[in-house]
Amino acid sequence: METIQSIKPLIAVLVSICVVPLLVLCKKPNLREGWTFAAAAVKLLLVLSMLPVILNGNQIVYTLVEGVPGVAIKFRVDALGMLFACVAASLWIITSAYSIGYMRGLKEHSQTRYYVFFALALSATIGVAFSANLLTLYLFYEMLSLATYPLVTHHQDREARAAGRKYLTYILGTSIGLVLPAMLVCYHLTGTLEFASQGFLAGACNRGLAGVLLVFFIFGFAKAAVMPFHGWLPAAMVAPTPVSALLHAVAVVTVGVFSIVRILTGVFGTELLGQFDFGVIICAIASVTIIVASLIALSQDNLKRMLAFSTIGQLSYIILGVGLLSPKGITGGMLHIAMHAFGKITLFFCAGAIFMATGKRNISEMVGIGRRMPWTMGAFFVGSLSIIGLPPTGGFISKWYLVLGTLEANQMTFLLVLLGSSLLSAAYFMPVVYRAFFPPPGKAMFENKVGEAPILCVAPPVITAFISVVLFFYPEPFFRLVSMAVRFIGGN
Amino acid sequence: MSDLVVTLLGKYNYWLCVILMMIGLYAMIAKNNLIKKLVGMNIFQTSIILFYVSIGCKKGATISILEHGAGHHGVDPTHYINPLPHVLMLTAIVVSVSTFGVALALAIKVYRKHKTLEEDEILMQLRSE
Amino acid sequence: MKAIGLIIVVLAGALLLYSTQDFPFWGDPASPAGTHTATYYLTKAFEETSVPNVVTAVLADYRGFDTMFETGVIFCAGLGCFVLLRLSRSRDEDSYYRHVATGITLHIKSAKIPDVSSEFERIDTLWTPYDLIVKTVCRLLAPFVQLFGLYVIAHGHHSPGGGFQGGVILGASVILIAISHNMRTAIGRISEKTIHILMAVGVLLYSGIGALCILLGGNFLDYASLSRILFTNEIEARSLGILGVEVGVGITVMAVMITIYNNLSSDGRLDEGL
Amino acid sequence: MTNHYPALIVVLPLLFAFVVSGVAWVKKSLCFPLTIVGMGLSAGLSVCLLGRVATTGLVEYRMGGWETPWGIGYHVDYLNALVVTVVTVLAFINLIATRKNVVEETPEKAGAFYSLYLLFIVGLTGIVLTGDLFNLYVLLEVASLTSYALIGMGNGRAPMSALNYLFVGTVGGCFYLLGVGYLYIMTGSLNMVDVATLLPQMYHSSAVVMAFIFCLVGVGIKMAFFPLHMWLPNAYGFAPTAVGSLIAPLMTKVMVYVLIRLILTVFSVDFAFVILKMGDPMVWLSSLAIVAGAVFALAQKNLKRMFCYIIVSEIGYMMGGAWLGNNTGMTGAILHIFNDAIMTLCLFLCAGSIYYRVRGLELDRLKGLFSKMPVTMACLVAGALSIIGVPPTCGFFSKWYLISGGLEAGQYGFVAALLFSSLVNVVLFFRVIEISYYGDFEDHHGHGSSGEAVMEAPASMLVPLLIVSIGLIVVGLYTGGIVNHLINPLLLKQGFLG
């Protein structure tokens, strides 16, 4: 394995920051969105141009400045980061297209501000993906929290204020109150914060301290919405739908989970976790979240809130997978980052498209909508299959590996959790789809004049749904990245 | 016992300065009238000046202005008191005068607004604002 | 508050007194303070500056930098009083005039006598009786006071005195006029603008001499380097440099004293004094 | 000329101060340009001095050419150079930024105002550069006296606050003077380095201990260290805008510098930490200061007063860091002097330009300000993030050092206090941001006259503000450089405890 010095990661991060002045100064909406697209395309190309290097087993490293002795602001592109960056960068383009359709269609105010902070959020996301150490990760993590605040509270009404308050309380409160001290303790113990293939904490602390640190980290990255720090996510549903899509699939929650995965693998190391028997604890925390979130999702009528609780559950799959500490489990967990992103973003796009076309938010008001919006609901169906984990969608692959992981780790309890939660997700998704396409006679709520949303809002979910299916048949690039990441962690 | 007496009496200048200092400080803390506080402040500063000046003292020495012609053939330092504290205290006096001047100006400005210099009355006015 | 004050005072006093136990006895010639730097000043000052008054030598030369800021402090005080108290004029008020020859006073509402000729003089609203003896005595005294002030400044090298003391005496002479006559008379002699410019000129003289030393190749306030333009040896140059800064100090102190008095006594209106 | 830098940094503003006050009576319009020139020269020279010190490690200067225990000497090492650069550069930026405030608030006395402004800077730079204990006192009084006068220039409660500040400040100055007097009695010298060489034989004398305590209390009063902070919020809060944003960032930081200088150079680390064992109680007091400042700040309804209590809390950061007794903590404290000055300036400048447009700083008058003054508010957010300690702003890095210093020293109370204040700062600032972001949706009846006239602050205010807020991030990113090139060599040279 070679280490290549290159400024590319920095540029990839900065692209969307650099475009901000252009967005602010552009008076014409078309030009403004043109810049957004250009930045998104450049960013994706930059990320993809690094892909072959990574697939050849190399790493790309770039050190910006040394903030604290021994801990620099430093980027490193490895397989796991690459996987995440690919997902985020490709989804940014699609989300941008969707945003244009959505924001224009609903004639939202302050669109410039929206695009600016969207771009900033993407920068932060790529930054998290490419972080080489905990400090850099923390930096971009905080940047993301702040950049998404104006997005979440976009409507600037009373509800948005309450949601924004909750959002910041959870996210900043935990990151300053838990992650920061934990990070400083790590630095104090070892003098470094650099992610290592087997972690850097080994030998530096005893079991009790490590346990405390672990708990601080898992709950501290509240973006991962591990219960009981999940409350902000349903509240943040007041945001415009593209933002919800961004929060759930591209940026925020995924960043949270990604950070936890990084911490578990890069700070603690699987060996240390195994040695202290922390795997079970992690899995238990994740399982509770999975089951409880799925149960709550069952009782939701608001579509977006249901999706939010579904997300909370699904994210913990990833943590569960890594917590199993078996290669297959970790593979499944990491793959799930990508698979869930594509599936969930489809669902959010669809929810937004339905809202645009009909103004409806609640599931009970969507009876028969499949007849009027076949494309949208078709995509919704595929997305939900992916989330449930059924073929022929990518979700199946990751769930398959998760199941194999539980078998490999000989953890039957968690196997049951996985299967149970799959059933639960089927239970909350399938009725929606069924009633949309096959309304009970005479109960269909829509007349002929309701049609599909504008093309810019329909095409994105269809595309992402399509990708979900493609990923089932051809998961090769992601799969290779993940297996490389797992090999890296395994140390061989 | 005699040691103690010697210690006490041998440094009575410092004792007196400290007592004076504390009188001034007490006035600054406890008095209600702003001008009385200012006077306390002045006493406080003056006592420090006295304290310094008494540092410069040497038994049997005269003021540090060299006698005529003395400068040319070797000066016996024990004949003259230490000039440095005097220099320092010239500065301190000037500082205390300047502070006093500015303080009076501020007091007048306070009086212009509140028509009183009693602190409790001023505070009452401020609270009722 | 009184109880707290008492506690603080007693505590601080006790600490201070307790710590005097390690002090040398009063007047001990062998104490560190009496020997370390003091010996140097006493033995070397005359050689190096040719000023017999060691206090002046230390004040204006060895620790001349301190003294410059000390003058700066005085300047700040003057400026501070001005800034805090001075009110802008042009308020229509009643005014009083006195006919000089007869002593008759006129009370004019919201107007002024356009051209204040020598026959009329403006007097304070709170009218003080016309006092010939005090006025005359003070007016006669003022020049002598000023002369003494100048002597104190100039003779600071050889006797107790110097810029501060002399400046205060000079200022007092003007204040004397202001008290015995009224403030208008004093300001008529030396206007507010003049005072302020003098205030600045005095300290500028001091720091300017210091800066001149840099230009002449020495360190800041190194009067020895003035010898090149004064055509004397370095020691004499130091002595002259000290005199120069003392004059500067004197000017500033005088001007500041007057400013402070004027502003404080007239509540910033500079029209009528005490 | 280059070897005169240390003197010129102090003397040039002094000369210009006198010139400005004289010129004000001849031609008023010249005052501001002259002040700019004087301040700019001083700032430029301090940057040059910093560069020189960074390469040579020490620059010495003898006033009047006299050798040091006899005359007054400047002894400029990394610490002085760093702090003096901060002081002059920030004062320069503030001078430009607040010009319109000055024109508006003190139109007639602009000449005197700028003269006092320069004298204040003279005081601060002199304090920072000097190597003489008594000279420090004189300059302390120059700085204090000018600040009393400047604060007293404000309207309303300002004179009363200034008078209170004067009382307290004079007591502080006198205590310091008393401390110096004790030192002088024991050593016979006033030069810092000389005193430091004479002191070690009498470390156990009660007089030296008392000298240290009195210096500490005196400086503590001047820096508003809890519980001696009562004067600060009123004095800074009611001061004229330009004065608040000048004094608040600089005065307290310079006082912290004085304390660090006393510990490092005069009394030595051994004395403060090993012999007196004052580390623990002082750190606890600092933690208390941090918590108290944060809690008081929560209760404020006025933006500027809120900032004032934040300063009280930040003083606790620096004092705590300095008293942790290890390298990391001291690094954090010194770094925080630097960073906190920039952050505070940023916040006060924002307050200044808001006040310029809105005519009030009560929190409920900030409604909807984000849409009306976006740039100003963005800078406020940058300052807020730095105070909270969000990377990559500089506030994060000093907090980082402070916390790791606390962990190293095992002072978990201090660490907890730091984290607590970070969280409180989140609440404080997001309350402000929320109010100004959401506007007035509860009241649909329109909000009177205040709503119409408000617009973005003029460019002369915005540009300096933007420079400062970008500086927050740039300084943050270059923390490593500052620590490696300036602070580490300093602590190494002072033989700081490992």
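Letters A, B, C and D name the chains as they come in the text, with residue numbers starting at 1 for each one.
FYI, a contact is a pair of C-beta atoms (placed from the backbone, for glycine too) under 8 Å apart; a residue touches a chain by one contact, two chains touch by 3 or more.
What you see is a predicted model; the values in this text were computed from it and never measured.
K.L.:
Looking at C-alpha means, what's the farthest chain from subunit B?
P.N.:
In terms of C-alpha centroids, the chain at the greatest distance from subunit B is A.
K.L.:
What chain is most central when centres are computed from CA atoms?
P.N.:
D
K.L.:
CA centre of subunit B versus CA centre of subunit D: separation in Å?
P.N.:
29
K.L.:
What whole-Å value do you get for the distance between subunit A and subunit C if each is reduced to the mean of its CA atoms?
P.N.:
75
K.L.:
Rounded to the nearest whole Å, what is the centre-to-centre distance of subunit A and subunit B, using the mean of the C-alpha atoms as each centre?
P.N.:
Going by mean C-alpha positions, subunit A sits 70 Å from subunit B.
K.L.:
In angstrom, rounded to a whole number, how far apart do the mean CA points of subunit A and subunit D lie?
P.N.:
Each chain reduced to its C-alpha mean, subunit A and subunit D end up 43 Å apart.
K.L.:
Spell out, as numbers or ranges, the residues of subunit D touching 2 or more other chains.
P.N.:
Residues 134, 138, 141, 145, 148-149, 152, 159, 178, 184-185, 190.
K.L.:
Out of subunit B, which residues touch more than one other chain, so two or more?
P.N.:
In subunit B, residues 21, 25, 55, 84-85, 88, 91, 95, 98-99, 102, 105-106, 109 touch at least two other chains, as defined above.
K.L.:
Please name which positions on subunit B make contact with subunit D in the complex.
P.N.:
That would be residues 21, 25, 28, 34, 37, 41, 44-45, 48, 51-52, 55, 84-85, 88, 91-92, 95, 98-99, 102-103, 105-107, 109-110, 113-114, 122, 126 of subunit B.
K.L.:
Give the list of subunit C residues in touch with subunit D in this complex.
P.N.:
Where subunit C meets subunit D, its residues are 15-16, 18-24, 31-38, 40-41, 44, 61-66, 68-70, 72-73, 75-77, 79-80, 82-84, 86, 88, 193, 196-197, 199-201, 203-204, 207-208, 210-211, 214, 218-224.
K.L.:
Any idea which subunit B residues touch subunit C in the complex?
P.N.:
Residues in contact with subunit C: 7, 10-15, 18-19, 21-22, 25-26, 29-30, 54-61, 63-68, 70-72, 74-75, 77-78, 80, 82-88, 90-91, 94-95, 97-99, 101-102, 104-106, 108-109, 112.
K.L.:
For a test of understanding, state which residues of subunit C touch subunit B in their complex under the given definition.
P.N.:
Those residues of subunit C that touch subunit B are 1-2, 4-6, 8-10, 12-13, 16-17, 20-21, 23, 25-29, 33-35, 37-39, 41-43, 45-47, 50, 52-55, 57-59, 63, 66-67, 70, 73-74, 76-78, 80-81, 84-85, 158-160, 164, 260, 263-264, 267-268.
K.L.:
Can you check the complex and tell me which residues of subunit D touch subunit C?
P.N.:
Against subunit C, subunit D makes touches at 1, 4, 7-8, 11, 14-15, 18-19, 21-22, 24-25, 61-66, 69-72, 108-109, 112-113, 115-116, 119, 122, 126, 132, 134-135, 138-139, 141-142, 145-146, 148-150, 152-153, 159, 178, 182, 184-190, 198, 202, 205-210, 213.
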